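After this come two complexes, each holding chain A, first together with chain B and then together with chain C.
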Partner chain A sequence: MEKIIFYILAVSILALSLLSVLSRRLLRSAVYLFGVLSAVAGFYFLIGYHFLGAVQLTVYAGGIVVLIIFSILLTHEIDHKMERPGWLRAGAAGALCLAGAAMVIQLLSANPWARVEAAERSDLDTLGVLLLTPGEGGYLLPFELISILLLAAIIGAVVIAKHHLGGSRENQENQPL
Partner chain B sequence: MIPGVSLLEILTVATLMFFIGVYGFLTRKNLITVLMSLELILNGAAINFVAFNKYLYPGTPAGQFFALFLIAVAAAEVALAIAIVINLYRRIKSVDVENVNTLKH
Partner chain C sequence: MYDFTPLVQAIQNYLSAHFSPGVATAIEWTLVILIYLAFYAVLGLVLVYVERRICAFFQLRLGPNRVGWQGTFQTVADAIKLLLKEPVTVNKADKLLFNLAPFIISLAALMVLSVLPFARGLQAFDINIGLLFIIAISSIGVVGILLAGWSSNNKYALIGAMRSGAQIVSYELSVGLSLITMVLLTGTLQLSGIIESQANGWWIFKGHFPAIAAFFLYITASIAEINRGPFDLPEAESELTAGFHTEYSGLKFAFFFLAEFVNMFTVAAIAATVFFGGWMPFHIGDWEAFNRIMDFIPPIIWFFIKVAAIIFLMMWFKWTFPRLRIDQLLHLEWKYLMPLNLMNLILMAILVYLGWHF
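Right, the complex of A and B next:
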């Protein structure tokens, strides 16, 4: 049963990522991306990491995709069709990616993976305690760094998006927003 | 572990997803689609962390923390990128990578 679900998820991840990369309509591309991110969340649920799956759904599928869709709606006509990439560019990029994927998969299948047997610790209690544990085995320092990074990103986004800070005069007079 | 699914199969899916993202990154000309390809690349990497954690080192949740921090960094990155895209659109009415060359001169 799990095997079938995994294959359905794998096929939908790959098909939707291809569609998202190849589609000529921006909004459709974003919706396909939403499908990919939801399928990845489904994979996290399937593998048993429920917290991670929930975070993936709320932050990625719920937050990031909505931000991307908003920015598409703010900057493009809804029926805008993008031009296709030139054959040379598409061919070169495709060949490069195929060669890279073949090489990586070859390396992965040649590697003997050694499992370190141990009792599994991945429940929510362990995660929460480790996230706030300083020192050995704890993740308090990266946790605090991430919070500072998020604060910096919020301030940076506000400063960049606020257009009368640093915008040139003529631009502002032409388009009062 | 997922019964009946080997580590190699998961890593193959993640690798293909990563390289589909790279293809989009190389061929797309619109900044927003480049950003979406970047999300595919980051997600492929996060799947790798999770699969290694589950299959090879079940005794420690390190891979989960990597994936978690990766999601947080991606959220910050997207917020900034969207701000830059909207600011660019206000200034030059375009979000094509080929028109964004103001710093070149």
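Right, the complex of A and C next:
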């Protein structure tokens, strides 16, 4: 049963990623990307790593794709299609993709795969304790660093969004609406 | 007393005795899917009827009362009408996305339904991260709304979709934060665990002021998240005809309609589970006799009583308050609900740290 689901997910990831690259309508590409990201979340659920699956859905499928779709909604006409690339560009891109695929396949087949038993308890409790443990084996420092990075990003976004409000009064009045 | 685990176990044993494991699992999945689809449809029909009667009551009208006893079959007739209607497709719409959008929305609504515990042992998917899963899935529904609005190639639909995008993304934060406030008390995200932790009293009583505040913040934010009045700006009949589903007709429109009502049920069910003890009966301290009588009422009835009360509260809101403007709506979230939620979270953390809750 799990095998069948695995193959359904794998095939849909492959097909949808191809479609999202090849589609000439921007919003359809975004929707195919949404499918790919959801299918990856499906993999996490399949191996029993529910937390990562839910985070994948929230952050990628529900967050980033919504952001992409939102910006497409604001900028795009419905019957606008991307132009078909010329033969030279298509050929070059195809060759590059084949080279990349060849490299990945070579690396994967050369890698000695070992079977690892999954950790017994990969649930939220363990994760929470590890995230807030300082010192050996804990991730408190990276956790705090990421919080500071995100805070800096938020403040930066506010500054950029509000920069036209600063400066002299004349500057503000001349601002085109 | 009313435990569904033996029943589920019996079905499991019967199936695994008569079929190979793979087939047995497939049959179980099919059963669960059929039950949930049927429940989804019936829930929609019942809630539409209730909404119309309650709306009529608030507006001093009678509401539907001709088809069947007190008009109970009105929504069945409506459903048949919707099934027979022609599904109009807009000529210049993006057909693929136009047809895909109702399915994404229904899928999100149905998936959230699957983790709700209706009674002891009556839960399809008792996942370890229950509440997080609900938040994750409900963040997918907005994709369907955005797609519906854009692919209709209609300015009202597009404006509706834009509004709903801004609204849902903002209000999701408040919903998440108010639930996290309660997770501080429950100590688990698993929905069955949350209910077990309320065996000696519901969190709304045990959690003092922060729990009550969290309940009101949750209800306000989640009404906005599921696009119900007074926050139904994405639809706003008077300004946008019907918002993001203006161009939909027949069965596809029914999908949106159904998902909206089922989402309302889900929100009420989560509130009932987290704040009011889910299917736990109402007990008062050491009133032995009273508690025994309450225990006689089956848990599933308790669950639906609580959910119905919260749904009534939400309908009351809808037919009492006027609709907000979009800037007022976003102000409410970012300037009031969010800071209040953060303060409430800190208050609750202090309370739990000092062990002041029961």
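The working rule: the second predicted complex is superposed on the first by the 150 of 177 C-alpha atoms of A that agree within 3 Å, B and C clash if a C-alpha of one lies under 4 Å from a C-alpha of the other, contacts with A are read in each partner's own complex, and residues count from 1 in each chain.
Everything that follows uses one rule, which is that a residue touches a chain if its C-beta (ideal position, glycine included) is under 8 Å from a C-beta of that chain, and two chains touch if they have at least 3 such contacts.
Remember, it's a predicted structure, so these values are computed and weren't measured experimentally.
Enquirer: Sharing chain A, do chain B and chain C clash or fit in the superposition?
Expert: Superposition check on chain A shows chain B and chain C fit without a clash.
Enquirer: With both complexes superposed on chain A, which partner does A:79 reach: first (chain B), second (chain C), both or neither?
Expert: second
Enquirer: Tell me which partner A:37 touches in the superposition: chain B (first), chain C (second), both or neither.
Expert: The answer is first: A:37 touches chain B but not chain C.
Enquirer: Per the contact definition in the header, classify A:105: touching chain B only (first), chain C only (second), both, or neither.
Expert: First partner only, chain B.
Enquirer: Based on the superposed arrangement, let me know which partner A:55 touches: chain B (first), chain C (second), both, or neither?
Expert: So A:55 meets both chain B and chain C here.
Enquirer: Which one hits more chain A residues, chain B or chain C?
Expert: After superposing on chain A, more of chain A is contacted by B.
Enquirer: If you stack the two complexes on chain A, which partner ends up touching A:63: first (chain B), second (chain C), both, or neither?
Expert: both
Enquirer: What is the contact status of A:8 with respect to chain B (first) and chain C (second): first, second, both, or neither?
Expert: neither
Enquirer: Pick one for A:150: touches chain B only (first), chain C only (second), both, or neither.
Expert: Once the two structures are laid over each other on A, A:150 reaches chain B alone.
Enquirer: Should A:124 be classified as contacting the first partner (chain B), the second (chain C), both, or neither?
Expert: Once the two structures are laid over each other on A, A:124 reaches chain C alone.
Enquirer: After the two structures are laid over each other on chain A, how near do the C-alpha atoms of chain B and chain C get, in Å?
Expert: 13
Enquirer: From the superposed pair, tell me which chain A residues show up as contacts to chain B and also as contacts to chain C.
Expert: 51, 55, 63, 70, 72, 74
Enquirer: Which bits of chain C are touching chain A when the two form their complex?
Expert: 22, 25-26, 92-94, 96-97, 100, 127-129, 132-133, 135-137, 139-140, 142-143, 146-147, 149-151, 153, 158, 161-162, 165, 169, 189
Enquirer: Note which residues of chain B are touching chain A in the complex, please.
Expert: Spelled out, the residues of chain B in touch with chain A are 1-5, 7-13, 15-24, 26-30, 32-33, 35-37, 39-40, 43, 46-47, 50-51, 53-61, 64-65, 67-69, 71-80, 82-87, 89-91, 95.
Enquirer: Mind listing the chain A positions that touch chain B in their complex?
Expert: 2-3, 6, 10, 13-14, 17-18, 20-21, 26, 29-30, 33, 36-37, 40, 43-44, 46-49, 51-52, 55-56, 59-60, 63-64, 67-68, 70-72, 74-76, 82-83, 85, 89-90, 92-94, 96-98, 100-101, 104-105, 108-109, 113-122, 126-127, 130-131, 137, 139, 142, 146, 149-150, 152-154, 156-158, 160-161, 163, 167-168, 171, 175, 177
Enquirer: Could you please specify the touching residues of chain A with respect to chain C in the complex?
Expert: Going by the criterion above, the answer is residues 1, 25, 27-28, 31, 34, 38, 50-51, 53-55, 57-58, 61-63, 65-66, 69-70, 72-74, 78-79, 123-124.
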